Amino acid sequence: MEAVIFFLAAIGAIGGAVGVVALQNPFYSVLALVAHLFSLAALFLLLTAAFVAAAQVVVYAGAVMVLYVFVVAYVGGGGEPVADPIHGQRFLGILVASILFIELSVAVLGSALLALETEGPKVPAGFGDPAAVGRLLLEKFLLPFEASSILLLIAAVGAIVLAQRKRESEPQEGVSGPV
Amino acid sequence: MSATSWAWLVLLFPLVGSIAIALSFKAIPSKAAGLIGTAAIGAAFICGIAALVCLLGEDPEARHHASSLWDYASVAGLDIKLGIYVDPLSVFMVLVVTGVSTLIHLYSYGYMQSDEGYHRFFSYLNFFVFSMLLLVLAGNFVLLIVGWAFVGFASYALISFWYRRKTATKAGMKAFVINVVGDIGLVLAAFLIFREIGSFDYGTVFEKAPQVFHTNEWTVVAICLLLLVGAFAKSAQLPFHTWLPDAMEGPTPVSSLIHAATMVTAGVYLIARTHTLFVLAPTAADIAAFVGLATLLVAGTIALVMTDLKRAIAYSTMSQIGYMIMGVSIGAYSAGMFHLMTHAFFKALLFMAAGSIISAMANKQNIDEMSGFGKAMRFTSITFVCGALALAAFPGTSGFFSKDEILAYAHARGGMYDIFQILGYFGALLTAIYSFRLVFRVLPGKPCKEAQELIDTGHLAHETPRNPASGEEEDTDVGFPGAHHHIAEQSPGMKIAMGVLAFLALFAGLVQVPGVDETITHFLDPVFADSPLAEIVPSVGASWVGLAIGAAISLVGIGIAYWLYIVRPETPAALIRRFGWLHTFLYNKWYFDELIDVLIVRPALAIGRFANRFFERFVVDGLVTGTEETVRGASGVVRAVQNGFVRSYALLLIVGFAGLVLYFLIVQS
Amino acid sequence: MNIEWYIVLSALLFGIGAVGILVRRSPMVILLCLELMLNAGNLALVAFSREVGNQQGQVFALVVMVIAACEVVVGLGLIVAIFRRKLPLNVDDLRELRG
Amino acid sequence: MINVLLWAPLAFGIVGLFLRGRAVGWWATLGTVVTLGVAIGMVAGFDSGSSGLQYTVDTPWISGLGVDYSLGIDGLNLFLILLTTLLWVGGTAFAAFREQERPQLFFFLMLLAETATLGSFLAQDLLLFVLFFDFMLVPFYFLFGSWGTDRKDGPTASAATLKMMIYTLIGSLLMLVAAIATAIISADGGHLTFSIADLQRQGLPLDSQRWIFWFFAAAFLVKMPAFLLHGWMPDAYRAAPLPVLAVFSGVLAKVGAYGFLRIVLPLFPEATVEFQEVVLIIALASILYGSVMAFTQTNVRLIAGYSSVAQLGFITAGIFALRADGSDGAVLQMVNHGLVVAPVFIIVAILFERTGTEDIREMGGMALRAPVLAALFLIVALATLAMPGSANFIGEFYILNGLFQAKIVFALIAISGVAMSAYYALRLYQATMHNRLPSRPGGGMLSREISLRDGIVLAPLVLCIVALAFYPQLILHRTAPTVQQTVSAATGGQAPEATLAGGEPKVLQFEEVFSAQKEP
Amino acid sequence: MNFHEPHIDYAGIAPIIALTVGLVVVLMTSVIRPLRRTAPFLTILTLGATAGLLIWHWDESLSLITGALQLDNLAISISLIAIFMAAACVVLSIGEPATREAGSGEYHALLLGSVLGMVLLAQASNMITFFVAIETLSIPLYILCATNLRREGSLESGLKYLIVGSLGSATLLYGMAFLYGGTGATDFAGVASGIVHKGLLGDGLILVGIAMAAVGLAFKTSIAPFHQWTPDVYQGAPTPITAFMAVATKAAAFAVFLRFFDVALGPQVDDWAPALAVLAAISIVVGNVGALGQSSLKRLLGYSGIAQAGYMLGGVVVASESGTSSLIFYLAAYAFMNLAAFAVVIARERETIFGDDIRAVEGLGASRPLLAWPLTISMLGLAGLPATAGFIGKLYLIEALVEGDYTWLAVFIAVGTMISLGYYLKVVAAMWMRTGGETVPGGSPAIAGASPEADPIDPGASRRIYLVGPALLAAAATVFFGIIPQPLVDFASHAGASLFG
């Protein structure tokens, strides 16, 4: 049963990922990513990481992706020419990436870490549920937690700085985009 | 005062004179400079005599003294002191040098009168005398080398005295470089001596040498050969002689002092001085003797055909020195030195006379254009004849005794040394012929234009002087005596000098007449006492036989000359036509210059050109530019990769990433 | 399911993301691909946290999500700014700086 | 005292930055004179008997890195310091007599350079030496580059100078690494020190000596410059302003040779012995090549430049004869060469002012109107060709003797350089002073007599040459003890010449001449 | 199970708090009109306070907030360097168009944010903190690079930095994931013990993790072949930001480099040290060679930065106390030398039409000695010539390398330095050995950095005290520490001791 779900989710994830990369129109890419994220959430659940899965759905598939859609809508998602201006980039890119993948797999499969061949140890109930993770966040990882909140603030400021309308740099023509 | 302190004074005077004249340059009138110069040398001569007296006062065995002022440069086991060595030999040389120099200074006092470079001339001349005295008085090999090189420089300076003459500067350079080669020979000899004996000091060396070396051991032979290089270079022996004829570019007094009387005989002195070593290296000694022989013959033949008055005399000088070298090498030490002395007299004289004539010729030196000076310049011609007689070993003259004594000794030594006697006599024949060739070409006959002018108007040709070698006009404002050049035999100083020398040329031989008196032999004996060869003495009878033969030969020679140039003046031309090839061969001086040019000069220049054109550009700079190019190329690559495409940056990043991972995976297994 | 599978899967996703960055030219899509890679990381983290049996990995994953969000925000901001400057939205055309 | 010697020039230079006009030059000259005074004082007070360091200063500088500020004078550097200070007076005065653009900067750099050079001679701490050695280049870089002459047919001054910088720093930087390696390896985990004396005591394993030796050798050989490494020289020499070039080639080249004596022989003795032949071959190549080039050049600067290559070849050969006499000669010759080459360049400057050319084919006949100049030049030229009777001769005599006793064959080859030197030196003199001036279209050669002010600069130098010619012992016997010590440090105690000079003379067999070069 | 409040040493995190508060306050100024102009002062104030608080903790060694941070001399010294550069950046930003574009408040807030990231990173002793910190450091820089919105180059650099940077972070993250998976711990000490006790020494998982972590950090320190963003970003970003970035980012990244590799990955040193050594060598070559043909000064400094990073990496490679100290020393020296250089570049690019092109400094020696001297000194220093801190730095590094048996790398440094003369001296020559190019505005617009969206010319820039002052001071410091390095050496050796002592 678990295996079935895993494979379904895995296929979903891979498919989503490939979609992101392959689809011409950025708008569709975004949608593909959403699909990808959902299947990841499923995998997280399999790994008894309920809270992470939830966050994944809410934060990503919710907030972030919406933002994406807006921007794509704003700037308009024209496709890109098929021919790659950089000679051999596409071929090399795929080649190197696959080599990388093989290397990583080798590293993982060849590892002496026995636990990897298991489904992992028995974990207490409530492993990875909001309460547990939340406590961890507020006890051991208080500082990263706070820091990341500040980071969010900074990012927000940055977005404003970059995207704010200034008189002199006001573009004349209006918005253009699909939807 | 002891002999050594006198010797120091001998050195001091010329040096002071030279420096004084140099510094007082333009400050004092030229006459004063001349006087100072002459006086300085005169003083040196007197001190020399004083030293002689001191020496004679001692018993013959003790007649050698060393004295040194300060450590010149002696550390790390090298003993180089500023020291002199006084013994009969050096004193003998001192007397010859200072004596002749005094006269020549006197001569130059008049001769150079109208020359712009008067101060310079006397400063140089004094410096030369100082150097020559340093050479003969030096107490160790290093100081010897110093003196040796100094005279070399002095001769350079005086050869290119008229430095606006390209020919003169070239000749000077040639002389200097060849002499430096000689110096190098001496330096190497000194090193080898030091290696074997551990000292540069004459005393130590000559004392230890017999124990250190066994006869003809290669080291001592090598030492002697190296010394010979020095000696030959200085004394213009084959194959280092080519500089001497060119040296005639210098003012005539210079030719007469340096290139006839004193410096060129340094080689003879050197061999005599180091006879201890040569005795241990008979091979080297014989080589020296043969070179001397060869030189005297070759030079003699060339002198037969030279048309340039001074050069002709120069070649005769070479051949006379050949006699001396031969003499001292085979062991006729005192005879060699004796000939050295007499030669100094008559050759100096010949040059003075020649100079006088040449100045009368407005600097033309070609004997083909000369004739009839017998009438025009009586005094000069007389002295000229005296010199020629002595040179031709006319019976009774000084040259007669000295030359024949050498040959007699060769005979007395016997064996293969008879060759030296026989060929020596042949050389004597040549000598007689060429010396009187000059006499008969220049003095008698109907006066040439200049001579005629002299007879008629009583003063000299007023043409603008030209360089006899290149024919270009002398620029007279540099110091070359200009048209207003009235000196030929008119200044008393010159007359005195020539007179005295003429007298000596004729009668100096009488101090050493075999069987009658042998002053010089006796005086020098203590020096050569240690040499087994000194034991060999030709019997009085043998000597007289030799003298007889010599007399005959010289008369025959003179006769031939007379027949050729007076009786049948057309024959020489006929002979030249008949033996054209021989004449050209001799006229081109056996092609020695050309030989050296091909063997040494051209290769050196070729190497230089190669180094410049190819090596420096392609190898040395190539090294630089090569690296430079590589780096630049690499820089180009780096900047090409930096192509502005963010995606290719990412690619490189991931490539590097993959590479790193790969490395670690390899490390793991 | 063995943890290995998850990790290998995440490696694959990581690779795909990399390919995306290398071959796509629209800055927006490239941002998406970055998201892919970060998520691959997340997957690995969560899988490992399961494997070692502590939840630090999950916390890490959460933090990563926040950071990913920040990057997206900033990235999109940049895209907007570029769009405002009327510059082409194609990373290949942004190469004034090179050499 | 020694601190004053080292820093006085810099102090004067800094003050000079705030002066105006010609005053700067005079002030700078004053500075160099003061320094010279101090140096003379030290020579006077020098105890010629001892071989050890005198006037030493030694305080920790960077304790963390084991670097000390330690200076000292012994036989090796005593006269080099005197030479440095002397030549700087000459160069600075000569420059001060002329209008310089941006004089403050020029003279500041001049004096900075003097401090740096003195530093590298005085330093008794390996790292301090390296520091000064590298630093020397900086002021000269600016002097050559900013006040140099751009050539129409060649690289600009700054390009030529850049080449020089990079080229000479190749060695210097490797030397830095080598120096540090020396200290660390010989400290071997213990207390880290760069003090040359201590390092000598601690010693170094042979295998590390090997590469370290070459790193140092590279630095020194480039600086000299030696054959094949002289690529920077022609351009730099043609670019450099002459008064600066006078001190540069007069002193800096010596630092390289000095480095061999001060550092290489004591610290890497085994390696030195092992590589003796190799270095000797390089030295010979320098002698021959330098001489050949010198007598084929027509540019006056290059004649002097290449002759220096040859001269430093002699000096190197003398050092690597590894005999006391050879090294004595080398030290003496360093001073001599400095004394002759600087005047040569000053004379070149004077000639250039009169003829507007540096090509001997376009000069000549100068002696006619300028006899004094000619006389001075003659003396210099004769000294250059190591005329017997000059101190240079004694220098070369000692060098060659050392080489002859150690390695006959090398000596025989080396000595041919002497003959060539006679030719090129005399050629230089004749071509400028003698003959007639070739009629140039440009014409305009005024053969003026040397002006009094230049005479004031030139005469003292020439006087020193003459004085030394009469009494080279002055230098030799102050140098000898230290040299003896240094050399025996390398050759492991036994001093070869001792057996020769005193004891039973040994008889050399014929074969030994050729086997001689093989014995260590 | 109930909630245990973690123990928080407020004194220990006081510097961080100060920074954070300062950040917020500065941000406020941009909304409250009357405070508009106060942002720079407040920023300086904040930085000063933070620095003070840090110095207050000098020679302590505190583990803060359940091991998230480790406040020791290493962290403090690095943070101080970063703060110093930030302060300098604030001063140099006076009159910088970017501040107007972005709004002074935001600009400085972002700057502070980046500094916060650096301070955290310098102390980070836990992978999560590490990751958060490194992002806190980077993200503001992405923005700041792009703040000169008018100029295409600025935006381009921002985007490039963002893309490649995020790629780097992703890699780093993935590496951390592996390490966590292997050891089951996120704090450095845990990782180390995990590697040892789980018998994972030399295990593929760990090693690949290390590899990826190395990539991430190498990217931040711009080590070749992960360097390519550097020249572009340096050139495109507003110059004050470049100045800040060039030193501070390196400093922070190297701090964590040291901590992470020497503490967490210490057990594996024999595996990673050679790899890093090779990377160092590569970047020495690439950096120096790449800088040779550059005419843009900022680009040139970018490449030189790559090379310098290569030198510094040597200090990490040897993984020894002296290595760490030498690295700190070098960073400090590097801060001075770079500051001097950039200050001059800024002055000239505001004064002339040549922007940061080398023509902007031609003839400076004659016309603007007060600018020429600092730039000269800094160039000589970067080239490592004696009597500058740069020489001592190299000396220190080489000593560490030779001690650690990496002599060959030392030789590489020597060779690299030699090549570097080729471009450093080119700048010097341009200043002293050429006659000045015309400095008045109105030249051809084709010239680099003078495109239509060129920044306004400020003819008086080279007399502005806030540009000349820093330049002179930095140059003075460079020389001072070149002649009297002892204080700086002590500073550095304390830092080194804190990591290994």
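Going by the order they are written in, the chains are A, B, C, D and E; count residues from 1 in each one.
Following the convention adopted for this analysis, a residue touches a chain if its C-beta (ideal position, glycine included) is under 8 Å from a C-beta of that chain, and two chains touch if they have at least 3 such contacts.
Here the structure is a predicted model, which means the values were calculated and not measured.
Participant: If we look at subunit D and subunit E, which chains touch each of them?
Facilitator: Common neighbours, subunit D/subunit E: B.
Participant: Need the central chain here, defined by C-alpha centroid distance to the all-chain C-alpha centroid.
Facilitator: D
Participant: Find the two chains joined by the most C-beta pairs in contact, please.
Facilitator: Ranked by C-beta contact count, first place goes to A-C.
Participant: Could you please state the distance in Å, as a whole number, between where the Cα atoms of subunit A are centred and where those of subunit D are centred?
Facilitator: Going by mean C-alpha positions, subunit A sits 70 Å from subunit D.
Participant: At what distance in angstrom does the C-alpha mean of subunit E lie from that of subunit B?
Facilitator: Here the centre of subunit E sits 79 Å away from the centre of subunit B.
Participant: Could you give the separation in Å between the centres of subunit C and subunit D, each centre being the mean of its C-alpha atoms?
Facilitator: 65
Participant: How big is the gap, in whole Å, between where the Cα atoms of subunit A centre and where those of subunit C centre?
Facilitator: Averaging C-alpha atoms per chain gives centres 6 Å apart.
Participant: I need the residues of subunit B touching at least two other chains; which ones are they?
Facilitator: 639, 642-648, 650-651, 654-655, 657, 661, 665, 668
Participant: Specify, in ascending order, the residues of subunit D that touch 2 or more different other chains.
Facilitator: Not one residue of subunit D touches more than one other chain, so the list is empty.
Participant: Quick check: what residues of subunit E touch more than one other chain, meaning two or more?
Facilitator: If we look for residues of subunit E contacting two or more partner chains, we find 128, 131-132, 135, 139, 142-143, 146, 149, 159-160, 163, 167, 178, 181, 203-204, 207-208, 231-232, 293, 422.
Participant: What are the touching chain pairs in this one?
Facilitator: According to the stated criterion, the contacting chain pairs are A-B, A-C, A-E, B-C, B-D, B-E, C-E, D-E.
Participant: In the complex of these two chains, what residues of subunit D are touching subunit B?
Facilitator: Those residues of subunit D that touch subunit B are 163, 167, 228, 230-232, 234, 289, 292-293, 295-297, 323-325, 328, 365, 367-368, 371, 375, 382, 385, 387-389, 393-394, 397-398, 400-401, 404-405, 411-412, 415-416, 418-419, 422-423, 426-427, 430, 433-436, 471-473, 476-477, 479-480, 483-484, 497-498, 500-502, 505, 507-508, 510.
Participant: Quick one: which bits of subunit B touch subunit D in the complex? Just the residue numbers, please.
Facilitator: Subunit B reaches subunit D through residues 22, 25, 70-80, 120, 142, 145-146, 148-150, 153, 156, 160, 163-164, 166, 169, 172-173, 176-177, 180-181, 183-184, 187-188, 191-192, 194-199, 208, 212-213, 217-219, 475, 477-478, 604-605, 607-609, 611-612, 615-616, 619-621, 623-624.
Participant: Would you tell me which residues of subunit B are touching subunit A in their complex?
Facilitator: Spelled out, the residues of subunit B in touch with subunit A are 643, 645, 647-648, 651, 654-655, 657-658, 661-662, 665, 668.
Participant: So in the complex, which bits of subunit C are touching subunit E?
Facilitator: So the residues of subunit C touching subunit E come out as 7, 14, 17-18, 21, 27, 30, 34, 37-38, 40-41, 44-45, 47-49, 51-54, 56-57, 59-60, 63-64, 67, 70-71, 74-75, 77-79, 81-82, 84-85, 87, 91, 94-99.
Participant: Which positions of subunit B touch subunit E when the two form their complex?
Facilitator: Of all residues in subunit B, those touching subunit E are 631-632, 634-636, 638-639, 641-642, 644, 646, 648-650, 652-657, 660-661, 663-665, 667-668.
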